[in-house]
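Structures incoming, each one as structure tokens.
Paired with chain B in one complex and with chain C in the other, chain A is shared by the two complexes that follow.
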Partner chain A sequence: MPSNPISSAPVRVSKAPGASLGLKISTWAVVAFLHIPLALIILYAFSAEDKTYVFPPPGLTTKWFAVALGREEVWAALLLSVKVALWATGIAMVLGTLAAAALARTQFFGREAINVLLILPIALPGILTGIALRSGYHTLEIPFSFWTIVIGHATFCVVVVYNNAVARLRRMSPTLIEASMDLGANLFQTLRYIILPQLGSALLAGGLLAFALSFDEVIVTTFTAGQQTTLPIWMLQELVRPRQRPVTNVVAVFVIALTAIPILLAYWLTRADEDSQTR
Partner chain B sequence: MSIAVALHDVSCVFHSQNMTVRAVDGVSLNIAEGEFFTLLGPSGSGKTTCLRMIGGFTLPSTGSIQIYGEEVSQRPPYERPVNTVFQDYALFPHMSILDNVAYGLMVKGVDRTTREKKAASMLELVQLPEMGKRRPVQLSGGQRQRVALARALVNEPRVLLLDEPLGALDLKLREQMQSELKSLQRKLGITFVFVTHDQHEALSMSDRVGVFNKGRLEQVATATELYNRPTSEFVAQFIGTANVFSGEQCAKVFGFKRAMLRPEQITLADAATAPLSGAVQEIQYFGSFWRARVGTAALGEVVVDLPVGGAALPVLGQQVGLTWSASLVHTLSPSAD
Partner chain C sequence: MSQGALSVPHHTQTRSGWLDSLSTLLFVRRRLLLACLLIPPLLWFGVIYLGSLLSLLANSFFKIDEFSGQLVREFTLQNFIDLFQPANIDVAVRSVVMSSAVTVACAALAFPLAYYMARYARGTQKAILYIAVMLPLWSSYLVRLYAWKLLLAKEGAISWVLQAVHMQWLLDAFLTLPVVGGNSLSFSPFGTFVVFVYMWLPFMVLPILVALERIPPSLIEASADLGSTPSQTFWKVIWPLAMPGIAAGSVFTFSLTLGDYIIPQVIGNSTKYIGQVVYTQQGVAGNLPFAAAFSIVPIVVIGVYLWLAKRKGVFDAL
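The block that comes next holds the complex of A and B.
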């Protein structure tokens, strides 16, 4: 720990070398490539034309928002998606934190293997997770239900919570826990007053990311849902039969908002933490 | 006087990937109530492991540890009447300084008003009365050190353990904290068990010092005894600077098989008549004295400290005689290794 924060602070480079023009142009081109489709979706949500995508739209209207809000199946799908995401996130937070606590500092046989296996679901193509879960449910004769979707989503939600928690635990000085116990706190008190507050923002960030991941998941859901229709599945079905296309776009705008906000919050939370830790 | 901490034949063995390390090997030790006791040794000598076993962070493999007669060797840290000042201070970063100091009282269920009042008076004791609302990151190293001290002392421990608490401070601050710690210990009358690798720190602060080498306790004695009458070559070399001689030439010159002389116990004399003579190979200035290295034919290099402002200094290469008072020659037994 530096005793003089001024002299040991990293030197801030006020004039970073400027990127070349070609690099700037290609960077902005990539950003545009990624985000113009999103902008178009938002634009088409206001389009007066309801059958095909015409650019530019013949006219702008907000009537599709009213239509979308009036359709019951949209509300049902939204509610289901939120419920699934909340449950999957909750399960992931408990399991991810426990796994992180077990793996952050200990040494035991098979530790690395468990670490890789925990992270695998997010690297694995969703279609594999989906097939694996589906055949697993089939073998165990578990009927498809709300809970089969939740478990499917929890497999990859655990990863983001685990990753966030394990990184924070590894940065935390182990003497903090010793100091707490030295001062008379038992294990439970140490968990409550020292470890959880230290983990707090990392867990929140992990939870928000997990929620966003679950909320717009299509592939695993396709394999693990029975008759239930989550919001992304509903959108997929709507695209097949082009009726009131702008309604789908209105819903897409909601999805963008509901996933972008948690992700931005999570980004902001982890960044603010790193700033205060490295200060 | 009663015994505060008693270690009886304590060993600590670590197993890591087909390696077995005896970090502490058969240590027995009694620390008296109210004593300032220092565990001194080079890094890896077992002194910190020994302290951690008293605190309860590491459990001994064998042996017994008693605090005021009560067997604690297998108890968790929160069931021992000791508190620790950690090397990295280990202040809780998400709490204010006042909450840090009050933590030990809070987990014991002391009500908020009482504990905050006690914590505030403890901050006054360590001369940080206005810092209660700040966070640890806003404090300097020396201030954090004092907070760590206050946080441990607020629990009124019967024994305070200090794990190289001054190691991270610069020299001036360290010397200031040494005298503050010492006077605080006198004032409170608490038993201090202090770990350091710095022999000056150990000698200047402690009532008694235990010198560790390779997991074993080499010698337990007062500072003056350690300096003047070390029982092993390791202690002689580790505490201060020592000329240690052995062999037949040593027996001829001193009358003992193994002998030790401190550099300041040797004086320059006429090369023709002195019992030992040689050429000056190096001469260094240390502020309060000059240190000369003299290459002798009989006993190799001898380190001699010369007072500033004394007789004229020899020049490099000059033949000088060395003499000493026979009563100062100390005999040594061979070291454990």
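The block that comes next holds the complex of A and C.
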């Protein structure tokens, strides 16, 4: 690695000289390490073998997709996960946007503390957030329900929306708001016609990431769900005690798709924005 | 918050005038606007989140009645004294060692990738690499864990590849080693380690990438102009400036490993880590106070870690 050729170039043109072979190999090896396991999951979903994890699969079939689609408990878990994720995302979008609007361009005593408070649920190990909420519910004698899950998820989703909104608000020119108000618009008209249109895609991106985060969350959920089964909890049960491997394989592929789509969409939404900013 | 005023029905006649004056009020009195914006998130986090953390802390000073299993709300330090039993110290030390090993391995794997992305990758290739790191970061933790169960299983893909190249003996020899070995890869501490590294690797790549991208190209040119060799430039200019990124990434990998209780439960032999002890203490054992006390261990360890990093000055270049 130390033998990088950058400094030997007399004039740095926009295209940097090539990397050493060793660096290229290690880069793509790490990328392969990150993605081969996911590719394998997709292969296994078509495996004809249903008792073991034998590799390579002895034959390929699509019948497990039909079997998985017929499972009611999988559908129930999926529905619960989607409902929780939608509610958590909704709450997180409101709270995250408000916090971002308050903190993006202001300086006041305690600002940093609030910032840390918002990040804390995701920076501390998930088990701490989970067990803290559980002990909180326990102390107040709140029984576990749909809403105890939603409250937990919303708490760690806020920071995702907040980060996206703050980044966009900081890039937005404050003179636009002043101009709008100079031209006679009140605060609410300015919000409706100037701020929200510019903030929209960042909020959407934040919301999509929050959805993906909540849909997939298992560590906090195990502490706040009681007897209810979200899709990740169903998967965890299958991981610890495999009973229906082929169905689990199919569900895993489905989860990959359902989380990858919002993530890619969010990337694309904020990416397009960054390009227009630099232009 | 303040948009709520839009939906007040009996003001429709004077609506714009009413809104205008509210708007002016909020615009002139910025603190009022700030308060309106901050109250909902602060209430949520202050009451629900901080309240929960405080109740956790309070619980760690309570105890469980040994006969009835009921929570006794009496101040005691017994839980913290129990933490120092040899078995518990064992768990804490093992967790810290595992977290450190995972952190070092993540840094070693992440650095070349981040370095290549920051210095060489351009255009489409850079976007592809970025997505390649982002996607695993956000995508399902459980599915990725499941993938490793498939990979590491005795009849799984890794064994198959090793057999195909006639290296199975190497794996068998490795698995007979004490400490790291086990029945098969998926029941060995080494398997747990590999999965931890895989899971948290993106959390290390992104901060290093950010740190490397902040280095102005002119700095590297200056170093070359002043006569340093490429390797001197790397070790004297690039490496120190990448350090804050590595430090930031290591906080993630360290803290995530320390708190996880699912990975060692699915992949590995039955050796316990902090997360599992907390989980079983509050769940199966029903001893919330002791679980609460034990869950303070990772906070203390991470606090010490941050303090050491700060003292070493790794965050100074941020």
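The rule is short, and it goes like this: the second predicted complex is superposed on the first by the 263 of 279 C-alpha atoms of A that agree within 3 Å, B and C clash if a C-alpha of one lies under 4 Å from a C-alpha of the other, contacts with A are read in each partner's own complex, and residues count from 1 in each chain.
Here, a residue touches a chain if its C-beta (ideal position, glycine included) is under 8 Å from a C-beta of that chain, and two chains touch if they have at least 3 such contacts.
Given the structure is predicted, the values throughout are model-derived calculations rather than measurements.
**Student:** Judging by the criteria at the top, classify the pair chain B and chain C on chain A as clash or fit.
**Tutor:** In the arrangement built by aligning on chain A, the partners chain C and chain B fit side by side.
**Student:** What is the contact status of A:A179 with respect to chain B (first) and chain C (second): first, second, both, or neither?
**Tutor:** first
**Student:** Look at A:Y193 in the shared chain and tell me whether it touches chain B only, chain C only, both, or neither; answer first, second, both or neither.
**Tutor:** A:Y193: touches chain B, not chain C.
**Student:** With the two complexes superposed on chain A, say which partner A:L209 touches: chain B (first), chain C (second), both, or neither.
**Tutor:** second
**Student:** Looking at the overlay, does A:Q237 come into contact with chain B only (first), chain C only (second), both, or neither?
**Tutor:** After superposition on chain A, A:Q237 lies in contact with neither partner.
**Student:** So, A:L117: does it touch chain B (first), chain C (second), both, or neither?
**Tutor:** So A:L117 only meets chain C here.
**Student:** Looking only at contacts as defined up top, I'd like to know whether chain B or chain C touches more of chain A.
**Tutor:** C
**Student:** Note down the smallest distance between any C-alpha of chain B and any C-alpha of chain C in the overlay, whole angstrom.
**Tutor:** Distance of closest C-alpha approach: 5 Å.
**Student:** Taking the two structures together, which residues of chain A meet both chain B and chain C?
**Tutor:** Residues 1, 3-4, 181, 186 of chain A touch both chain B and chain C.
**Student:** What does chain A use to touch chain C in their complex?
**Tutor:** 1-8, 12, 14-16, 18-19, 23-24, 26-27, 30-31, 33-38, 40-41, 44, 52-56, 91, 94-96, 98-99, 101-102, 106, 108, 114, 117-118, 120-121, 123-129, 131-136, 138-139, 151, 154-155, 158, 181, 186-188, 191, 209, 212-213, 216, 218-219, 222, 232, 235-236, 239-240, 248, 252, 255-256, 259-260, 263-264, 267, 271
**Student:** Which part of chain A faces chain B closely enough to touch in the complex?
**Tutor:** On the chain A side, the touching residues are 1, 3-4, 173, 175-176, 178-186, 189, 193-194, 197-198, 276, 279.
**Student:** Residues of chain C touching chain A in their complex?
**Tutor:** Listed in rising order, the residues of chain C that touch chain A are 1-3, 5-6, 19-20, 22-24, 26-27, 30, 34, 37-38, 40-42, 44-46, 48-53, 55-56, 58-59, 109-110, 112-113, 115-117, 119-120, 122, 127, 129-136, 138-151, 153, 155-157, 159-160, 198, 201-202, 217, 220-221, 223-224, 228-231, 233-235, 255-256, 258-262, 265-266, 275, 278-279, 282, 288, 291-292, 295, 298-299.
**Student:** Inside the complex, what are the residues of chain B that reach chain A?
**Tutor:** The touching residues are 55-57, 76-78, 82-84, 86-94, 103-104, 106-108, 137, 140-142, 144, 151-152, 155, 168-170.
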